[in-house]
Structures are given as structure tokens and as C-alpha cells.
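You will see two complexes here that share chain A, one where it goes with chain B and one where it goes with chain C.
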Partner chain A sequence: MTNSNPFRRGVSLRVREALHGYGFIVVWILGFSLFTFLPLIETFRYSLHQVTVTAEGIDLDFLAWANYTRALFTDPNFVELLIGYLIETLVSVPIVLIFSMIIALFLNLDFKLKGLFRTIFFLPVVITSGPVIKELTAQGATSAPGIANNPVVAEFLLGLPRALRNPVEYLLTSFILILWFSGVQILIYLASLQKVDKSIYEAAAIDGASAWESYWKITLPSLSAATIVNAIYTIITLSHFSENKVIQYIYAQTYNVHGGIGYASAMAFIYFGVMSLLLGIVYLFLTRWAKKESN
Partner chain B sequence: MQALRRLNTDRIRSFFFGSRSRYGLVFTIVLYALLIAIGFVYLYPLLFMFVTSIKTPADLLNPMVQWVPTEFYTGNYEKAYRVLDYPHTLMTSILISVVPSLLQTFVASLVGYGLARYRFWGKNLVLALILAAFIIPPQNTVIPQMLKYRDLGLLGSPLSLILPALLGQGYKSAIFILIFYQGFLSIPKVLEEAARIDGASDLRIFFTIAVPSALPAYIVSFIFSVVWYWNETFLTAIFLEGGVTTLPMQLSRFVQAYENLYPPGTVNIFDRLNEAVKMSGTFLNILPLLVMYFLLQKWFVESVERTGITGE
Partner chain C sequence: MKRNWFRRFTGVRNRGINPQGFHVSQIKFYLLLLPLAVFMLLPVVFIVSSAFKPPDELYAYPPRFFVIHPTFKNFTDLFSKFSNSGVPVSRYLFNSIVITLVAVAASILVSSTAAYALSKKRFRLKQTLFAVNTVALMFVPIAVTIPRFLVIERLNLLDTFWVHILPGLAMPVGLFLLKQFMDSIPNEVIEAAQIDGASDLQIYWRIVLPMIRPAIATIAILTFQAAWNNAETSTLYINAESLKTFAFYLGTLTTGATGANAVAGQGIAAAAALIMFLPNLVVFIFLQSQVMSTMSHSGLK
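Right after this comes the complex of A and B.
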């Protein structure tokens, strides 16, 4: 019996519960410090220095904020890549959300061959990886064939204002690729749809609500939490994807003689900042929408 | 007569447009058309990959041959198999994905359980840090890790991926912790309290009561974890470069590896690298995942629906 232990008798229940709780998470705290927190601090330190890797270790040469100003004001590529990343993410997120919501609504219905379609729709979860996507894109298997080269479409693109042309062109050439990022999001919507109480729909139908009305008044509000989760998940996945151009640029600079670890670290922090800002804005926007939706 | 006619038109209308209990013909047609169209979007690259991979070099050049090759040609697969060093890289990929996945699933369940069942100071801080660990891009932490591994002589060894997983910092660990946290919160704790009154220790309660009741969460986490580790190329490129080689790593340097085996100047035109060989390599790369997916897909979807991955 634990109570017979003289060391434990004096400890209050509350403290003992806390100690046992820490026992379960202590591994994580240790891991977080070693593999996330300390490396993050170390990377920040690198970003303020010129880093040279030698046989014995690394040499640091203090530069203050020079790496940051170089990335933002001198580097001809970095800011452009960041803007491209922002545009692509802002175009992709609504498409992924709407598309995965529609698929989840379909898969929530009863129809024949449902199992087969479900199997097909979750394929992207399994297949989407950097090298595979790269091979498929190179072979032209991920864009709607020939759309961007169609003379009518090309004419239309030229007629657009400059600010709109890039997003629309990206949308046309990468539409199918974007859909490949919807696997997990479909699962999350589906799980959320199955939790909606069926009797609410019955009550609404008895009161004379059409399917259209019950979608906007019942289904959509009950998916608002899942939408926020999905939006955040989509942004993070797109931002961490190994074929992402900003990440590839940072990675290339790490091994570059003129760039080096210090410069790459500074860009990594700027990228992290931009990404967090984007996450914050989207999160605020969606929570406001969800609040309005549930009223 | 009038009533009979109205009954008939009602029946025709419900046949086409549906009623409260049935979908109706128009809706059914639209539904299947959309499902097939979207299914095609996902199957098209796979079909394209497969059909291209069995084309002979002559078929590739022939503009008349699009979707039906003149023969089932396996020569591309033989080349891709050799270029990928398949048995070897396949074993490495399995090791690199299964071992960290087992560890990270287990550790994530421990942490999720601790967070869901115990009250302690700083719990919200830990939850916030877990979320932060998910958001921080890998390139913000990876260089010091790499340099540390280099000092310890672990660079290129599978341990460089196994160690973080063992301490709950594996690839996307945060998601799995949150899945288990949600999962354990939604399971009633009556049984566990009864066992505690009977004098069972915390660990015993965890292993004998909590683990079996959260089985769907374990299955989902393990499958997702294997898939994500398998497909991961950023971390593997940094930590394993120069050491062991996974399938996706070998695929990303396919051209170079091919030219080492079949130097461009010395082979005849039919043995030059073409997209059929590349597609064979890509297909061999995802084949193990496809097999796993089709074997486990029932578990996969049903468990996800039962774990409540949504996290509200």
C-alpha cells in the first residue's frame, strides 16, 4: 500500500497528482528542451553571426542584424519568394477548405460504392511527398492539361491587372496539385460531420427547412471549429512542404559559400515570422467568422 | 381522377428530384458525375504513372500511343529496380519509418494521457508549447541539431531520427499528442478511478485500462506516422546524407544514380534515361505505401472517424 510509505504520507493528494502527471510528460519536456528549444535559441544566435564551419567546430563572427537587413533589402530573390509564398498560400487555403468540405459532405451521404470512392479520395494522404509530386509535376500529370497554354486563356491572363495575374495563373496551373493537399482535411471534416446530431436535421425538416437551408443554418455552423483547425493545418503543411520554394532557397543558402548558416538562419526566422503572422491573421479572421456563424 | 393524376405527377417528380427519404435521379446523377470527376483527379496521376512506366522506348516516341501501350514492357522496372538499389533502400525506408513511428506513437500517448488525466501547474503552458513545436518550421531548429549530431558521430545513422521520436519530438509529434489528448479526454474515467481505489498503480492503470480503450487512436497515429516518415525528405536529406539512404532520397537523385549505372555515352539510345524509367522509379517508391493503404484502409478511415481528430 502506498500509504504505508512514510515519505509519501505527508504529501498532499494534490501535489502527488501533479507529480504523477509530470511523470507522464517529463520525457516530452526533456525532448522539447533538447530538440526544439535549445536549437531554436542556437539558430537565433547563428542568425546574428557570420558562421564558418571548421573541422574542430564553428567560428562565430558577430554581425548584429546584418543578416536580416541583407535578406530583406539586398537579396534580390528572398522577398520576391516570400511574396510568392504568401500569394500561393492565400490562394490555396480557401480552395483546399471548400474542396475538402464538399468531398466530406459527399462522403457523409449514403450511396452505392461509397467505400470505393472513400478509398480513392484518401489516396493523397498516402502519396503526397516531395519527390513524387516533383516527378509528377515534371511530367505534367498534376496540371489540367494545356489550360495555361490555351490562347484564349493566355489572352485573358494578359488582360488582367498585374496584381491579379500571378494568383490566377498559379490557380490555373496548380489547381490539381492544390487538391492533392486535401486528404487530412477531408478526414477532419468527415469526423466533425459525424458528430452532428441527426435529430436536428429531422426537426428542421419538420419545420419545413429545405436541404439548402439546413446546410447553411445547421451544417456550416457546426463545421466552424473544424474549419479553423483545417485552415491552420493547411497553412502549416504548405509552409513546411519540402518542395516549397522559400524552404528550398533557405536550404540552398545553408551550403552556399556566400550565404552560409548565419544568413540561412536569419532567413529562417524571417520566414517563421511571416508564417506566424499569416497564421494569426487567418485565425483571427476565421474565429470572427465562426462567432458570427454561430449567432 | 384528379387526385390520381396528382399522385402520378408527385411520383414522377420524386423519381427525378427526390423526396425526404430518397435522393432522386437528378441528384444521384449529379452526385456520381462529381464523384467520378474528382476521383479521376486523384487517379489520373497514378494511371499516368503506371501506363508510362510500362511503355517501351518505341511507344514513348510514338504519338499514336497514349493510354494503351503496344505491350506490357517490364524493362523500365528492371532498370529502376537497379538504380534505386531497391531491396536495400526499401529496408532502410521501412526501418526509418516504422521504428520512429512506434516510439513516437507510444510517447505521444503517454504525454496525451498525462495531460488529459492529471491536474498540475503549467499544463496550459505545455499545451501551448506543443502547439508551438508544431508551428516552428524545421529549418529553424535543424542546423544546431545537425552540428550536434556531427560532434556525436550520429550523422547518417538512423539514431538521428530515432532519438527525437523517443523524446516526443518526432516528425509532427505534436499532432499525435493532441490526438491522444482529445482521445483520452473523451473516454470516461470511471474504470480508471475504480482501479485506483483497488490500489492499482498509475502505470498499471495506463497500460491495462487506458491503452486498450484508446486503440483506434493508436492505429491512426501509427499509420499516419509511418506515412509521414516515409514521405519525409527534408529531415532525412540533412540527417542521413552520407549515411543510410531511404527510397525517397534515392528517388530525388535518380538521374545521377542512373547515369552512374548506365553512363550516357556508352549505352545505346534505348537504354538512355527516359520518363518511363523515371515513372517506374516513382511507382516503386509509393508501391509499399499503396499496399499498406489498401490492406489497412478500413481501419484507417473507421478509426479516424472514432478518434475525433477534430480537436475542438
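Right after this comes the complex of A and C.
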């Protein structure tokens, strides 16, 4: 596209555009590499060592992959926490996506007090971070532990196959919490719903498409890009949530006599690996779905 | 009738048929949305009501939602602690307000310029940089705490005002969201501006920024919370009491109290949580109109 006319869009112009691009991003690159990227590399180095903090500085003792094998094969808690995290995330992501899509469809309609409702559904943004969620978990309000103890529910849970029991119990006890994670997602869906050209619906209606058909053939495909963004965003906020058990465990191990910085760094990298794997799978799954939808 | 409802629900909207004001046919929306909206409001109600709970209600099991005998004792306890502290409370408040304002403005500027470059400019490292950002997005922040401390130490930033602001500037989530929003701005709009002779800065400032106002407001809410609630920086990088933040100060009050007197500590913590939360709520209410109202006429197709 750029090279359609080699005389006018020559090298110098391209170089100039690139320079402008770098100009816009240079501050970010500086900040990012200093405070995020360099520390990340350093953390990886720590994860290969036994790290002891002394009065003079930091002592490194090379261990190769011992920290990793310890986390994966010796530590009794870590792998279990990881599996719990995987299950919880895999259960939560579809719920958050479906819930926020439905709410966004509703909020895209015309009715009175629409603005107020939009505000209320966006409110979780200030709830899930900061002091509110801390206070809520401290008071035990984020989960409904009573539900799992209810005899009918308990019997129902026992009747389920083992593999399904944990996810379903998680779903029942943390349903409220899951819904509170959908603030930004609703916003993203709403934004892309409003970008859909209304005349497409008119054309479809003239061609005799029912509302049901136009939903599946027009609305849903045009939300596919937003769905991918939302899925990534949901996984990341869930994984970085301050009450996340894996994060709390890593945090506890950092300042633990038996754990230490090196060990915690190794666990952080394993957690990171698992998270990227999860993201990769969800991403591949959704892009394939999006491609199929757009055809 | 039913068909018509579904048609509108699924995004099939015919202008001119939709009711302008309230109509009986809208009741079904309220029936569905109202309970869910109440659900979303619960945490706010809870945080307000628990700040006024006397100790016996805070420890009641099963926990009760609403306060029955509201009391101001939690607040008077908290304020009496204020007067005992060595540094005046207004100093912490002042620090927090200045830090939050600077951090929000600066990080929006940094992330949005970077997002503009990544979304609308062509240069070689573009893909790589965005990939690196997405990877960094996934990394647990606490794992980099100690190396980050070393970097900050080497840059001589310990015990300075800047340490509150600089590390948070390049926020991966902000860049990610802003870039996704900018991607949806059609290139034609920018090309049209270029043909009209607009420079890059003008395009960024007068076209791109106004078009992604909802995203900017969202990022502003998110960074505001991160900066306002940040007690960690004060704990890790600041020794001088006069440079610490309000969040840190409230944290020391409540954790100190739980050690000595756990029962009173819970009440103070609840009151402190409400005080910390209120600015978030105010900023949210103030900015959300930006998020909601501009989205409908941002000129995007």
C-alpha cells in the first residue's frame, strides 16, 4: 500500500514516519524497560539461584533449575493452587464474557434511565481493586459460603462426578465475585456494538432475516474482536487480582525463611508460563471462531 | 410484539420506532436489569454500612448486611489517632493528592502516545513492542519487586517524590486497552487529516484523543485507583515520613491497631476503608459520564 508510488513514498518518507513513531513511543519504552523489563530479566536470573539478602547486598548461589523442580514436584501446595487457579479461570471467563455481552446488548437499547444503568454496571471497576474488595473479603462478603453448606446443594454437589465438583462449587460460591469482574468488559462490548452499521440490519431485514438470524449473523460476528480483547482482559485481571490464592502464596514465600526470593521468582515464572499457555489457548480458540464467523 | 422486542434486544434498531421516554413496553428491561443493578450496588452499600457498625455487629455470624445500630465511634476512634501522629495528617493527604494527579495525567499521556505509535504508525519494532507489552501484562507484579528496588536505588530515586510516579508510568494494561480502542479508528480519518496538512501531533491531539475519550476516561479511573490506593511505594522506597502517602498512613493505623486491640481495629479498618473508597467513587461518578456519553457519538462506524 505504501509503495504504490515509489517516487513520492520513497525511503525517506518511510524513515520519517518510523522516526515519528519512535518519537511518540520513546518515553514509554524508557519507562517500560527501566521499571518493568530490566527487573523482569533480573527476576529470571534470581529464579535460577538461591538468593540470600545480606547486609552488604544480595548473594547469589547458582542452582540451575532446582527452584523450578522444587515448585513443580516437591512443593505440596503450589501445583494444587495452580490447578485451582486454572479451573477457576476457565469457569469464570465464559461467564464474564456471556454476562457482559448480555448486559451490553441490554444497555444498547433505548429505554429511560439507560445512563444510570450503564453507570451502575460500570461500577465494578472501582470495586474489584482497592480497599473495597479487601474489606469485603475480610468480612467474608465475596463468597456465599452458606450455599455450599445448604443440605440440598451439598447433596447435589456430592452427586456430581469428582472432576465437576470443584468448578460447580466455585461457581455457586463465587458467582457474585465473578460478576463484579465485568465492568470494563461491558464497556468494550458496548463500544463495539455502537460501531455496527445500522444499515446492515436494515438490509438483512429487507432480505427477510429474522431478528434471531441477524443476531447470529450480524451482531455476534461483529463482536468477535471485542470478545478476544475481553477474554484477554478478563484472564489478566483475574490472574492479578490481589486476593488470588497463587499470588498470595508467591507473596508469602518471598519473605519466608524456607522459600526466599529465588524460589518465589521461579514460582512467578511458572505461574507466568501457565497464564501464557491459558491465554494462548483461549486466543487461538477465539481467533479460529472469529475467522469462522467472519466467513 | 415478542419478535419486535427480540429484534431490538439483538441490536436490530430502527430509529423512529423506539420510544423517546418511558413506555409500558419497557418494563421488562427494568425487571431484568434492576435486580442485577442492585447486585452491582451491594458492595458500595456494604462498605458504607460496615463503617458505621459497632463491634458486635462487625463480628456477628452470620455477617449481617445492613447496620442496625449505626455509630460514629469507628470514625471518632480513627480521628483520635490522627491527632496523635507526629506528622500532620494534612501532609499525607497533600502528598497523595499531588501524586495521584501527576500520576494520572502523566501515565495517560505516556500510554496514549505510545498507543498512537503502535496503532497508527509504521515502524519495524512495532509488532515486537506490542508483543513484549502483552507478555509484561501477564507477569505477576510482586515478582519484580526486588529487582525493581535495585533499579530505583541505582537511579538514586529512593526517598524522592518521583519514585511515586515514575515506575507506574508505563502501565501495560493502559497501553493494551488504548491501543485496542485506537485500532478501531478508521485509517481513512487519519489519512484525511494528513491530506489536510495536519502534523502527527495535531492528529494525535485533535483527532485520536477526542475519539477515544471513553477509553481515556476508563484508564483515568484505573490509574487513579492504582495511585490513590498505593501504599506499597511508601513502604518500600520511602523512609522520610513527610513523603509518604495517605493510603500508607491509614494502613499503619489499622494494622497497628489490629495488633494491640483487634476488636477496635476492625472498626477503624472499616471506617478507613470507607474514607479511602470515597474519592474513588467520586472520581468514578465524575468520569463515567465521559465514558458513557461520548461513546455514542464518537463518529466511529
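Throughout what follows, the second predicted complex is superposed on the first by the 261 of 295 C-alpha atoms of A that agree within 3 Å, B and C clash if a C-alpha of one lies under 4 Å from a C-alpha of the other, contacts with A are read in each partner's own complex, and residues count from 1 in each chain.
In the analysis below, a contact is a pair of C-beta atoms (placed from the backbone, for glycine too) under 8 Å apart; a residue touches a chain by one contact, two chains touch by 3 or more.
Source: prediction; values computed, not measured.
With the C-alpha superposition on chain A as described, chain C and chain B clash in the combined arrangement.
Look at A:Leu164: by the touch rule set out above, it reaches neither chain B nor chain C.
Once the two complexes are overlaid on the shared chain, A:Ala191 sits against chain B and chain C alike.
In the superposition on chain A, A:Tyr271 makes contact with both chain B and chain C. In the superposition on chain A, contact of A:Trp28 is made with both chain B and chain C.
By the document's definition of touching, both partners, chain B and chain C, reach A:Arg118. Once the two complexes are overlaid on the shared chain, A:Ile261 sits against chain B and chain C alike. By the touch criterion defined above, A:Ala203 lies against neither chain B nor chain C after alignment on the C-alpha atoms of chain A. Judged by the document's definition of touching, chain A residues 2, 14, 17-18, 20-25, 27-32, 34-36, 38-40, 42-43, 46, 58, 103, 106, 109, 111, 117-127, 129-132, 134-136, 139, 141, 176, 179-180, 187-188, 190-192, 194-195, 205, 229, 236, 239-240, 247, 250-251, 254, 261, 264-265, 268-269, 271-272, 275-276, 279 lie at the interface with chain B and also at the interface with chain C. Residues of chain C that touch chain A in their complex: 3, 6-15, 18-19, 21-22, 26, 29-30, 32-33, 36-37, 39-44, 46-47, 50, 58, 62-63, 110-111, 113-114, 116-118, 121-126, 129, 132-148, 150-152, 155, 166-167, 169-170, 172-173, 175-177, 180-181, 184, 200, 204, 214, 218, 221-222, 225-226, 228-229, 269-270, 272-273, 276-277, 280-281, 284-285, 288-289, 291-293, 295-296, 300-301.
Residue ranges of chain A in contact with chain C, taken from their complex: 2, 14, 17-18, 20-25, 27-32, 34-40, 42-43, 46, 58, 103, 105-106, 108-112, 115, 117-127, 129-136, 138-141, 146, 176, 179-180, 184, 187-188, 190-198, 201-202, 204-205, 210-212, 214-215, 218-219, 229, 232-233, 236, 239-240, 247, 250-251, 254, 261, 264-265, 268-269, 271-272, 275-276, 279.
Touching chain B in their complex are the following residues of chain A: 1-2, 14, 17-25, 27-32, 34-36, 38-40, 42-43, 46, 53, 57-58, 103, 106, 109, 111, 117-132, 134-136, 139, 141-142, 176, 179-180, 187-188, 190-192, 194-195, 205, 225-226, 229, 236, 239-240, 242, 247, 250-251, 254, 261, 264-265, 268-269, 271-272, 275-276, 279.
Listing the residues of chain B that touch chain A in their complex gives 20, 23, 28, 31-32, 34-35, 38-39, 41-46, 48-49, 52, 107, 110-111, 113-115, 117-121, 123, 126, 129-130, 133-145, 147-148, 151, 163-164, 166-169, 177, 199, 202, 206, 224, 227, 230-234, 248, 251-252, 275, 278-279, 281-282, 285-286, 289-290, 292-294, 297, 300-301, 304-305, 307-312.
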